[in-house]
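Quick heads-up: structures coming right below.
Heads up, the next two complexes both have chain A, just with different partners, chain B and then chain C.
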Partner chain A sequence: MSTATIDQLRDTELSYRALLAVGAIAVFSFIAFFGLVFPESIWADLLGILISRSTLSSALRLAVPITFAALGGIFAEKAGVINIGLEGLLIISAFTAVITTAVIGPGVTILGLPAIWIGFFAGVLASLVFSLIFAVVCIRFKADQIIAGLAVWLIALGLAPFAATVYYGGVNTDNVGTTLGTWTIPVLSDIPFFGAFFDAGPAVYMMLVAVPASWFVLNRTAFGRHIRASGENPKALDTVGVDVSRVRYAGVLLSGFLSGIGGSALSLGLGQFIGNNQTMVNGKGFIAIVAYLFGNYNPLGAFGASFLFAGLEAVQIRLQQVPGYAIPDSLIQTIPYITVIVILALVGRTRIPQAAGEHYDTGEDNR
Partner chain B sequence: MSTAVHLDEITKRFPGVVANDDVDLTVERGTVHALLGENGAGKTTLMNILYGLYEPTEGTVYVDGEPRDFNSPADAIEAGVGMIHQHFMLVDPMTVAENIVLGNEPRKWFGTTVDRERARQEVIDLSQRYGFDVNPDDTIEDVSVGVQQRVEILKALYRGAEILILDEPTAVLTPQEVEELFEVFEELTAQGKTIIFISHKLGEAMHAADDITVLRDGKNVGTVKADETSNEELAELMVGREVLLEPKSAPREPGEQVLTVENVHADDNRGIEAVTDVSFDIREGEVFGIAGVDGNGQSQLVESITGLREPTSGKITYKGRDITRASRRSRIDDGMAYIPEDRHERGLVMDFDLVQNGILGSQHSSKFSSGGSIDWSTARGHAERIISEYDVRPPHADADAESFSGGNQQKFIVGREFEREPDFVVATHPTRGVDIGAMEFIHERLLDLRQQGKAVLLISSKLDEVQGLSDRLGVMHDGELMDIVDPRNTTEEEIGLLMAGEHPESAESETDAADASVGDAR
Partner chain C sequence: MSAADGAKSVLRRLVNASTVERILISFAALFMAVVVGAVIVLVSGRVATCQTAATTLFGLGFCYDPVEVYLVLFNGALGGPFLLDSPGLFNPNWNPLNFGFALTLKETTLLIFTGLSVAVAFRAGLFNIGTQGQLILGALATALFAFFVAPFLPSGVLGGLILIPLSIFVGAFVGGVYGAIPGALKAYADANEVITTIMLNFIAAQVAFVLVSEFFRNPDSQVVETTPLPDWGTLLPVAFPKGGDFSLLALAFGLGLVVAVWYLLEQTSFGYDLRTSGEQPEAAEYGGVDAKRTTVTSMFLSGALGGIGGAIWVLMVMGKWQAGVPSLGFDGITVTILAGNNPFGIVPAALLFGTLKSGSLAVQFGTGVPKQLVGVLRGLIILFVAMPEFFRMIGSSISLETDDDAVATDGGRSLLGGDDE
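Coming up: the complex of A and B.
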């Protein structure tokens, strides 16, 4: 490809992102305009929802599992292993976190750690174990990554409600009666609207740290460069003496670790695991994949996309509570998913790591 | 002068094959040593042994006079041996500096973070020391292949390489870049580095190397000094018999028109006009050559003729039938064969074996299929016949296309196309990347076709090739057919001027495109 066409490509990519931003602002101004002009209309209600602090608050909370899974997906895929099983990792960690807390007993503390935090780490551990199995199957035994990833999802989707049924006699666990709660930072939390950032659950703070930290690791550390090289041209990495398998294991385990935080935070934020249908995770792992594709494998972009989806979800939930409109709830509930589809269609230009999904054999192709 | 590398009686056996047979090789420090041989002669295997990718079955590797036992490239790097592979080992979206330091990143903050400023400075220092013109902040995918190659060389130097092995370094370069590479060689050897490069091109070895070792069938058949040998001697060493370096074709009276191209215009993929008002015709028993620097519309013209691109205007007539908008298949069925310019993209399906590749384009013909299912035993016989007749090595019909070297892939494509028994062959760079033995063979087959009264359209950027084989020669520049000349009565300089878009002064007679007589003007 000539330099000229690459430049053209970049230009179009830039303009398309700019277009998206302009579009978002246009939609918001549209709503704001009609909301202010017609205070009795649906636009006014919508505007009220958009600028309310509680919407921001719940958007942040809802963004946690998506963001963590997306960050994990970035590390795995950048290293060359497409982890489509993020959904399964969220489910298994969400379930394990609750059941562990329940078994220990919500009020108990061990070595100064409250049960709920032990549950939290148990969830992360469960997700790590699943991702390790996934990594071994994909890297050591060279299974198809998509199929192995689907297996992770399906196993978790069956296992968690099954174990709940064994223990509680129903697919939902009982509520453990305690949650991770909120950590409120004095003074800062009094800021209107943006105070929501300083009056949030511990997982929200973890997320706000994990996003820039992931960016730093990927772009500024040698490990991050090895991850990227491993997904782009593993042979280049191998020939300079870095073990490609080890880098890929690290990438996949990181995806398990991060997804585990997301899953634990999801269920412990509520104090209960819900196992109906698609479980309480309900596609968040798949939305996470869309989020990091949309963010072009950049942790900051992935967070932006996750936050957008979570924001739409929050608006959607609030919209259902607004009385007086004859819009069926089930239609409103589709808003985040329609957005996902539209964005997926737009996202075509994402640059996927060249060697993602391919097995790497040392010594292959030496002739 | 001391010895940098000494390979002592190296033998390498693979199951069923002896790739290197008792090879001795001595390379002096501070010299450029060319390893010359045909495809499959065992050059790359020998160098992979020196680089620690293979262990020799027998024999010893000496570097700096010490016997070495390399288990991996890491050991070889440790001993100061670096290798630049034919396919570059670079990470496309990363920058030049990031690629050079990959795996050996300078660290800061207790080893947690890459010291990007130091990495950048080290790369700048290194390139200045060897006179390389590279910008450390450029992204690999944005720079030319020549620059990528220099990055590979820098990568080896960064790791302390004293001995650089380059596998077919010129295969991917433009002639100017080749010159620049040879200048880099001089600079490196002037600073005491030793260079071994693999090639199958005589001219390059003669031009750039101090010493030349010729391998044939895995054996060292001779080491000579470049300034004490001749092209003919080297060619004979490589092939094992006398070779005709210049294709010879006797004049022949052409017959009926087979293909007529009238006022054809065509766009490239970006929608910019690439072919402008081109007209010519090709007759039975004639080779019509098109010369020109790559990228002057030849590809789009060929695609218009073969049915891979629809011309924006103009008319193409084949065997008296207007085929301007005819499908690709109808053209194949009508006896049009095509040796494509990009064998990876258009010539072969890389993860098909040769049996499957051998019937591509004829999969629907009654020869190979009946009632919608393919007769695989006939297909296999077909592939095996191509393999033996066109000397495709190794002769494994069941191996995937990608496991063959470029030259052997090309021989297989040429074989497949000629086996169609075509009436008209479009040959685009038919000898690109093949060794001289195979080149001679392909040239002979093209001339055979002509002798049988078939028509051939030959596109090549090698001027001696088109000039030697063609009966008439069109020269393209910037999408236009500058002129059609008689290659036997036209000098290289005159054709060169046409390729550059200038008419030689006295050739102002605007002759009809079909009528070539301009070249006579002196």
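Coming up: the complex of A and C.
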């Protein structure tokens, strides 16, 4: 592909994103205009929701699982392994976090760690174990990554309600009675609207650190270079003496680690795991995939997209609480999913890493 | 090479693997899934609480005995031909036309449709995860169409002969259109069909729920469901007990579709286009196949088969549409993967998975192991079928023992095995 076409491609992608950004601003201005002109209309209510601090704070909270899964997805796919099982990693970590906390006992502390934090790390560990299995299956046994990813999702989707039924007699766990709570930073949290950034759950702060950290690791460190090379040109990486398989294992395990944080934060933020139908994760892992595609594999962009989806969700939840509208909740709940499809259709032509989805044979391990 | 091409090359490899090898891999995968499932059952038996241990291993008591679980499962799926308590004895009162076996065949019939649906898409190189959504909307369309048309038809056999085929057709059409959406998004906007179909599953469930709860709800019912259809407009059980909700007619229809899909895929030029665009997209383009049109058409076809599955679910099982549609679409993925995407392979795969699903009810009742176990097995089967290399490695490591000796003695041939393409 010549440089000219690459530039052209980049331009079209940019224009898609620019279009969406302009579109979002236009929608907001539209709502703001009508909201200010007609203070008694639905637009005013919408504007009120959009600029309220509690919407921002719930958008941040809802963005946590999506963002962490998206960051994980970036590392795995940049390394050359398409991890479509992010949803499964979120499910298994969400469930493990709650059940561990419940088994230890919510009030107990071990070695100075409260049970809920042990549960948190147990969730991360469960996700790591699942991602390790996924990595072995994909890298060592050369399974098709898409089918193996689906398997990870379906196993978690079966295992979590199964285990919950064994322990509790129903697919939902009991509420453990505690949550991760909120960490409030004095003074800063008093800022109107943006104070929500400083009055949030611990996972929100983790997210705000993890996003720039991921960007830094991916773009400014030797490890990040290896990850990117492993997905773009594994042969070159092999030639300079780096073990491609090991880099890919690292990428997938990192996706397990990050998704685990997202899943644990999701369930422990509520204190309960809900296992009905698609479980409480409810497609967040798949939305995360779209978020990082939309963000063009850039952690900052992926965070932006996750925040957009989470913001839609937050607005949607608030809209349900506004009385007097005949729109059924279930219909409003489809808005994020529809947005995902529209965005995917607009940015579908993202350039994925050259060697993603392929097995890499060093020619040595064929024993 | 893009991800889609990579996925296609894997599908191609799966298709190209010899039939015998594929059957072996399916059985090996099934065996491994059952073994891992047994371990999970055993471990969860440590966590569960019970009065007396069902089995004792290494001095530890376990609440569940995996062997008993599988025995109860198969026995229950067949309606209890064996008396498990008194070893080796057949049940003299066993009748093949029983309730448990009807449940098994009911699940089998439904899974044949969803399995075919996923298989058609897979053969075209498309991962249609959206059979579930296509089934939900197809089912709803069938239920609503039958409900509104029934009053204009004569009741009885004649009315049923007109109404049932028509409502199945409507279900197929709606499922097909809903399947064509991700097909068109894939063909014309390059949107990954795995993601779009999964998103469309969520949307279908919500939209169907709203439509029924707001507009078409049965006023006499506490749950979200449509008004039941008259008996003559549904597929009634012929020889099997009524509660089993299994109609031999539906099974015959499913088997007919298996042959039809096989014929379409293997014997017609459309099927050839569909397969080549799945297996060798470049060659298909070169040979003048309109890949975009083929993508949309195959997704329509796949969705239509899912819609038929939904129609049969309404007409044979429920007699109405009810919220909380079972995950037949996802099970269809397992069925087709187990069948190696071969239409004829889908029949035994569906029977096997139908056995698991129906037997799981007996397991929950008889041993206390939650029926969600089937969900775990579903994922495990897919995982193991996805890694043929695993079984090849095991296979070659067993035969390699002797090969190593051969290399040592004549020193000539090396690097045996381990070659995957």
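One rule holds in what follows: the second predicted complex is superposed on the first by the 363 of 367 C-alpha atoms of A that agree within 3 Å, B and C clash if a C-alpha of one lies under 4 Å from a C-alpha of the other, contacts with A are read in each partner's own complex, and residues count from 1 in each chain.
Going forward, a residue touches a chain if its C-beta (ideal position, glycine included) is under 8 Å from a C-beta of that chain, and two chains touch if they have at least 3 such contacts.
Just so we're clear, the structure is a prediction, and the values are computed from it rather than from any experiment.
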Legend entry - Simultaneous placement of chain C and chain B on chain A, clash or fit: fit
Legend entry - Partner chain(s) touched by A:147 [first = chain B, second = chain C, both, neither]: second
Legend entry - More chain A residues in contact [chain B versus chain C]: C
Inset, instruction - Figure out whether A:354 sits in contact with chain B (first) or chain C (second), or with both, or with neither. - result: both
Legend entry - Angle at chain A between chain B and chain C, C-alpha centres, nearest 10 degrees: 80
Inset, instruction - Once the structures are superposed on A, label A:333 by its partner contacts, choosing first (chain B), second (chain C), both or neither. - result: second
Inset, instruction - For A:165, decide between first (touching chain B), second (touching chain C), both and neither. - result: second
Inset, instruction - Examine A:233 and indicate which partner it touches, taking first as chain B and second as chain C; both and neither are also allowed. - result: first
Inset, instruction - In the superposition described above, what is the shortest C-alpha distance between chain B and chain C in Å? Please give a whole number. - result: 6
Legend entry - On chain A, the residue positions that both chain B and chain C contact, one per complex: 354, 366-367
Legend entry - Touching residues on chain C, where the partner in the complex is chain A: 1-3, 5-7, 10-11, 14, 40, 44, 47-48, 127, 129, 185, 189-192, 194-196, 198-200, 202-203, 205-207, 209-210, 213-214, 324, 330, 333-334, 337, 369-370, 372-380, 382-383, 385-387, 389-390, 393, 415, 417-420
Inset, instruction - Could you please specify the touching residues of chain A with respect to chain C in the complex? - result: 82, 84, 137, 141-148, 150-159, 161-163, 165-167, 171, 277-278, 282-283, 286, 289-290, 293, 328, 330-331, 333-334, 337-338, 340-341, 344-346, 348-349, 352, 354-358, 366-367
Legend entry - Complex contacts: residues of chain B adjacent to chain A: 44-45, 48, 53-54, 73-74, 77, 85, 89-94, 98-99, 102-105, 107, 112-114, 116, 141-142, 155, 159, 270, 403, 405
Legend entry - Residues on chain A engaged by chain B in the complex (per definition of touch): 1, 3, 5-6, 220-222, 225-226, 228-229, 232-233, 235-237, 239-242, 351, 354, 363, 366-367
